């Protein structure tokens, strides 16, 4: 199995909607946070990358399928792995399971493109730098079929 | 063309991330808000529906493709229409264009399922009530192919 | 009466907590947005100010008193004025009333300090530039007692 | 010293504004979350309290003073204690320090009133139930001067 990173999180009152279940855009916030933590676990600090090397990973597409609602103070695990890695594109997969019983609550993805941020008003796609690909490979985080 | 509803919105400082572009989960917040306003424009108040009739439209799947970043104090239009209508399912389409020049910035969808909320701890799928389908049809909001 | 600027807003489903009333940090988001729109109404674009002149208005203190809860799809008015203006400090007042009957729902403030952002890692307080004070005065937005 | 509860949190990309520092309404979200966790640490589950006994702790007033900005992936501690306890009112204090060096970054409060939620459309103030006061006292969470 490919390398994955897991984040534990507790559902807060402010995450809930009027039905007492998590308001779905929150899941995307957590996907984004988990993406950053996934890269950090590979020794890639996305903030440094942007500030110092003017390289970022912008969103091309995101999506999520919801199986079960999550509720107040439940503890979830967000497990992130790389689904696909190409020249300019990396697709992350995020699975959210309930810590108490491991049931899969929802599953989503982020398709991110490597961006040259040297001119912030004209962001353009660029190749993922070789040293980053190397760090990803070294950890075994590239899907098996590649 | 099928019936659609458009919401105008101005991008606020708090919607931006550290790159000065909209943090993407915000778009899903606005999709959700626009879904509620779309139904309201069809004389369907989703909150009343939940409180009084214990009927809701929960998320099965959502997704979004991002074409261009949106920035500080830009004005966007969120245009919502029904992409698909089935027994228990309604799929909404949301397109976000820049008010100034009409350029398409991103496009997303919400696939929602009609839920029986009479037992909030055991939410289950149910048929969309006939009077709601009637309101949707009356406004011409059903896709042409149906 | 001193100059004031009013923003109209509709409460969305995603603004509500599990009790069906607005989750209070949202009000601070709207105070922040209304502060930006207040300055814009005085021909001061806070984003340009930061990007081009490296001047910002950071938060020193905020606060809010809550009188009545606001609910689904209610329309509110957020009215902003300057409560106090000093060398480096501007204090904004925000009042939220219900559009339907004018009832005061809550009232808050933001005390902001003028910041020199030329070194983002060492932000420091600075005097409010004279041309900004002039724009504020010209609109009659300085409290009477000054 | 009175009883206190501490929550550890890591700053996420989505918590930042365009200057790369935490957008201030986020702090209030965390104050709210920490309030719930504080009560949970006293064996008081606020969600159960609302659902089963129709008792809640609504906001009367909140406030915050900001000393230093918090940045990407910094780890903070949010320490919560009771500042004041009266018949119907409990005031919580929240201090946020940087985990790495213990520096105080900001400090805020929430003044909450005990609410009878049996009629959600006519929420009214009520006395804090005796068994809850007892749980608070038992843990030594009442300020010394009381």
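As written, the chain order gives the labels A, B, C and D, with residue 1 at the start of each chain.
Just so it is clear, a residue touches a chain if its C-beta (ideal position, glycine included) is under 8 Å from a C-beta of that chain, and two chains touch if they have at least 3 such contacts.
None of the values given here were measured: they were computed from a predicted structure.
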_Quick check on chain B against chain C: do more than half of the interface residue numbers occur in both copies, making it same, or fewer, making it different?_
same
*Can you spot which option in A-B, B-C or B-D is basically A-D again, with over half of the contact pairs the same by residue number?*
B-C
*Cα centroid separation between chain A and chain C, in whole Å?*
34
*Using mean C-alpha positions as chain centres, tell me how far chain B is from chain C in Å, no decimals.*
29
*Mind checking the centre-to-centre distance between chain C and chain D? Centres are C-alpha means, answer in whole Å.*
24
*Mark out which residues of chain C touch at least two other chains, giving numbers and ranges.*
13-14, 18-20, 23, 25, 29, 32, 47, 72
*Viewed as a graph of touching chains, is the assembly arranged as a line, ring, star, complete set, or other?*
complete
_Residue ranges of chain A touching chain D (in the complex, touch as defined)_ = 10, 12-14, 20, 29, 32-33, 36, 40, 45-47, 72-73
*Along chain D, where are the residues that touch chain C in the complex?*
18-20, 23-26, 28-29, 32, 47, 50, 56, 58-66, 69, 117, 120, 123
*Complex contacts: residues of chain D adjacent to chain B*: 13-14, 16-20, 23, 25, 72
